Amino acid sequence: MNAPQRKPSTDVQKDASMAKQKAMIDGNFDRLGNVKNTGEKVSYTFVPGNLNELIMCFDMVGNYPEINAIQNGLRKKSGGMIMEAEKWGHSEDVCTYVKADIGMMRKGNIGPTGQPIPEPDILMLSYTGCYTFLKWFELLRHDYKCETAMLHVPYTGDGVITKAMTDYVVKQLKEEVIPKYEKVSGVKFDIDRLRENLAHSAKAEDDFVWVLESAKNKPSPIDAYFGGIYYIGPIFTAFRGTDLAVDYYKTLREEIEERIRKGQGPITPEGEMKNEKYRIVTEGPPNYTSMREFWKMFYDEGAVVVASTYTKVGGTYDFGFRHDPSRPLESLAEYCMHCYTNRNLPERTRMLETYINDYEADGLLINSIKSCNSFAAGELMMMREVEKRTGKPAAFVETDLVDPRYFSAANVKNRLESYFQMIDQKRRAGA
Amino acid sequence: MKCFIGIDLGSTTTKAVVMNENQEIIGRGITNSRSNYDTASAVSKQEAMIDTRFTLLRNNLDDNEKLRDNQDVFLHDLERNFRREQFVEQLDDLQNTCLSNAEGERFDDVRSVLTQVLSDVFDKLRHESLALYAKGATRKSDFFRDIAGGRFLSLSEEISKEAGINYDFALNVYDKSIIQVENRPPAGNLEGKFLNGLKNLTRESPELGIRFEDVQDPVKKALAVELEETFVVGTGYGRVRLPFPKEHIRSEILCHGLGAHMMYAGTRTVLDIGGQDTKAIQVDPNGVVDNFQMNDRCAAGCGRYLGYIADEMNMGLHELGPIAMKSTKAVKINSTCTVFAGAELRDRLALGEKREDILAGLHRSIILRAMSIIARSGGISDQFTFTGGVAKNEAAVKALRELVKENYGDVTINIDPESIYTGALGGAEFARRAVMEA
Amino acid sequence: MATREEITNRCQALYDDLDFTAARTWKEAKPGRHVIGYLPMYVPREIIHAAGMMPLGILGGGDQLEVIQGDAYYQSYICRIPRSTIELLLTNRLDFVDGMLFPSICDVIRNLSGMWKLLRPDVYAHYFDVPQNYMKDVGGEFYIHELNVLKEDLEKISGNKVTNDALKNSIELYNENRRLTRELYKFRADKPWLAPSSEVYLINRAGMVIPVEDHNILIKDYIEAARQEDRPKRDNSRVVISGSFCEQPPINLIKSIEMSGCYVVDDDYMLVNRWFTKPVPTDGDPIQALSYTFLEASVKMPSCFEPNEDIKGQFLVDLVRENNAEGVIFAAASFCDPALLERPILQDVLNQVDIPHVSFKYAENTGQMQPIREQAGTFADSIKLWS
């Protein structure tokens, strides 16, 4: 009698964080769709190295073109947008986030939810860990002719963040970013407000890291790649620094604590994954146009992703970084420099090695993304190095972010199955 | 007896291997992969089972004094005659199918003439089959569609013309019928075909001095052995749609690794170049896969690359290697892209480069891609085994030997003439282990 | 004095030499000499030179290098220059190089710096960042710091102190090199039939692999020799090449463009040799001078942010006008992010002032010239029709 009564309650619990997440993301699209009525000013910016806490100080609403591309990808709308951009002379060789965004704009700028995406009042070009960002906003600026603030975040080529690098970013915040935001918004910068936002961030970040690290449990209560994509949503975008995010991660953490108590595996689109057979670490972004299908190739085989680098593109919090209200601008600068793709290859390799060891994973899977050279160039080198250091096998598949033309299900499935069976065979041979 | 069967569904051909309890290969079968994987599996399996019967027969004949030195000739002739029986059986099936398809409304006006044309065509085809399967005759392919199709088309064109109807009618009926026939599981009655074949053999080769009565017993005995399909393992690129339950499916990588290990126990690196993909596999001393890499999304470096070049040059795929072997000078082909390679090829021809030199360059280019995939998987440290359709191409093998030596020094390179069966062999061994080592 | 043919033959030999024998010879000539390699875009070669070292420009492996190991490290959708560069490394052709600089040109070259660190942990490999903020007290200060870090690193490798005097002397030499390079470009723009693009290209490429002192003489000799020669003038269209600043087209492609009826009157092949549009001052602090000149007088190219939308792409219009060009050929390496992402903006800017343009892609080992000849030829013809 107990079981049937408890079941609905776990469903409600599961829904609590997911519903909250969805409401938050949708809420931002509502807000963007409504600026004509509210008069709110709009700031476009990127996920890695975003300055959400700072932007909030100017009462502006944030639009994240990468998120639009992702949401359009999930809704199978990105393909047509990419072709639209290619029709306008954009090369088939370059990033499909950019082309999905430009295609959406050319088709009338209707966002993934069907609401209009307003034009930017300011483009916040946080040039962090991705060269394409630079061109992307030059392309948008060329069309919108709007104010553009450039924040050059130095790449950690030697694996360290020096004082000169931090000083450089802080100076840019003071002399380039803040003045432009003050001008566009008409709101004077208030550093105490920033401190308050940063305090919220730090709080959410603690719970977020706890959630990611819960995958060290066996079985893992979460999938840190496919599931992780939902978990990073709020903290990587317009909600870092808000009460809402603090609340969301608290709820999420409670749900997962409950799953651990019950020894439950991750929730997949087809319900709880029961039999954890393989623990995998992934490198690289996912594919969004066929995400369900891709994920299914994992959970059908009992494979769970216990750690992923993709969930670190908006900050490598699990290696200790927290936003710090006592050093507001400095900590924003350090945050930007800490983002995953702003780290050099030896550091990224070390992270993967650490994940495989700390999460007791069976191996590394690289999903190499055609669009994203920042991730992809050097992944084959990292793969070799991680195999050598951990003795764990690695596999390599190739897809794209939001271009449906670059997802070959048979091809990917073939490799994944070979990989899982290889792990299995090795285990038997070792036993 | 227990039979362990591995079936490898490739993009162009489907292969089956039958293994006995003692890990011996007792039968191999191959067919073209059709749109219907069930049929392709069934056909390749039946072919391997027929081959198994021949193996059993060979064993039964070992001490048959009536045959003495003629045993090999006898077996060869028997198989030839058996194949003819099989061919005629399929011809009959094709004829019946054609006739029933000719019942369609659109043929109302020409039906009587068309049926006559078809009957005449098939009579001729049946008659031709004697020559086709005569002693010493060679056939351009072992697959029914290849052998019957070409002749059907030219005969029906001729006969239609004589009969005064448009050739399109016969063509239309054929196109529809061949697909149906090809996708029908093969008929049974092996014994009948064997015995008919045997009768033909004794009739056509009296000089062998073999009397039907002398050999029918060992043949019947070989046919009487019950071949139990103890365990079947399927693998191959079409594996996602393989007609087997999940526990009977193994990854092609694992099968190729194990198959290569079965052929050459010292194998540490396997390179397989097939129609649609190229794989480099590292195996441990037990044939367990340590690492593998496959070609990326791009088709360059696969067998298809050569197919494309053959099409571009209007040549048969099998003609490329021999021509390339005549090359005396290396021409560097840079395009890694299959489509661009065609353009580059025309460019080079226009510049006056010799065809054989360009082809040699193309073969080197495909092997260069494979070398990168090998390097990606961890390189070559010890015995190296080359498998797949491209392993039959001498120019590709030559380029491979050169490049392996340049990059890894003197290592043993194994190439088995039956290497196309590597994946199926691995599958058969997995099947054997699933039962015998469970 | 050497003839034009002798000079270009020498340059061709340097171009063909994938073992960098000239640089090796320079290094072996005296004990304690060091060589620092750098990839395309920009590095302050003056500092390397002032440390008594030789800067060595590495622009990929061209169309003669067979790439095996390099392909093992790169997916098919990444350009070719990093794979051939890795091939050069792994086939020991760069074993004499004491350090490597990877300019901030794109993510692929940036990540190559990390690969170098993993592949050759004992060799100095440095990602060389240049500022994208052009305020003196912001980007300028940061860049001064970066230049000083580089200077100290190079001092450690060479064992030589980089004095201000040495640095000023090096700046003078490179100012002269940039001046001569621009003179060569001007000479070609004025009389393109006397200085074919393939020759100009080879002269410039030689500057990547020989000492600057030597190269300065070489440019002068070439201009002098070419000026004296009488070569037939053809009825070609005058074009500017844009987008070839990193991975280089094969020399046959450069020849093909000209053969198909285009005189190339400007281009963006290896910009490092004319990066500054004015001389670096030698009267003050040399590091500061290098930094501020970078902020104020760098050439425009896609890897550098343009803060001012009003003049975005204007440099290309200016190049066309200054050189009396009739059109632009966008020739980008396949999968080159900077060139291909920038291209739609530049095309739009050209469209607004009715400058015709055509686009194609290449790889450093492109073998088929026919499509390129056809495109460039048709473009040249159509320009004549329009004008």
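Structural remarks
Letters are used for the chains, namely A, B and C, taken in the order the chains are written, and counting of residues starts over at 1 for each.
Here is the rule we use: contacts are C-beta pairs under 8 Å (C-beta built on N, C-alpha and C of every residue); 3 or more make two chains touch, one makes a residue touch a chain.
Just so it is clear, the structure is predicted and the values come from calculations on it, not from any experiment.
Greatest Cα centroid separation from chain B: this falls to C. Here the largest set of C-beta contact pairs joins the chains A-C.
Chain A has its Cα centroid nearest to the centroid of all protein Cα atoms in the structure. If you average the CA atoms of chain A and of chain C, the two centres end up 36 Å from each other. We define each chain's centre as the mean of its Cα atoms; on that basis chain A and chain B are separated by 48 Å. Centroid to centroid, with C-alpha atoms defining each point, chain B and chain C lie 53 Å apart. Residue positions 72-73, 75, 77 of chain C each touch two or more of the other chains.
Of all residues in chain A, those touching 2 or more other chains are 370, 380, 398, listed in ascending order. Taken residue by residue, chain B touches two or more other chains at 296-297, 376, whereas all remaining positions touch fewer.
Those residues of chain B that touch chain C in the complex are listed here as 296-298, 300, 332-336, 340, 343-344, 346-348, 350, 368-369, 371-376, 403, 407. Taken together, the chain C residues at the contact with chain B in this complex read 63-64, 66-73, 75-77, 363, 365-371. Note for the complex: chain A touches chain C at residues 88-91, 93-95, 98, 125, 127, 130-132, 134-136, 138-139, 141-142, 145, 148, 150, 152, 154-155, 157-158, 164-165, 167-168, 171-172, 175-176, 344-346, 348-349, 368, 370, 373-374, 376-382, 385, 398. Contact residues on chain C toward chain A in their complex (touch as defined above): 72-75, 77-78, 82, 102, 104, 106-108, 110-115, 117-119, 126-129, 131-133, 135, 137-139, 141-142, 145-146, 149, 302-303, 305-307, 309, 312, 332, 334-338, 340-345, 347-348, 361. For chain B in complex with chain A, the residues that touch the partner chain are 237, 239-240, 250-254, 284, 286, 288-294, 296-297, 376, 378.
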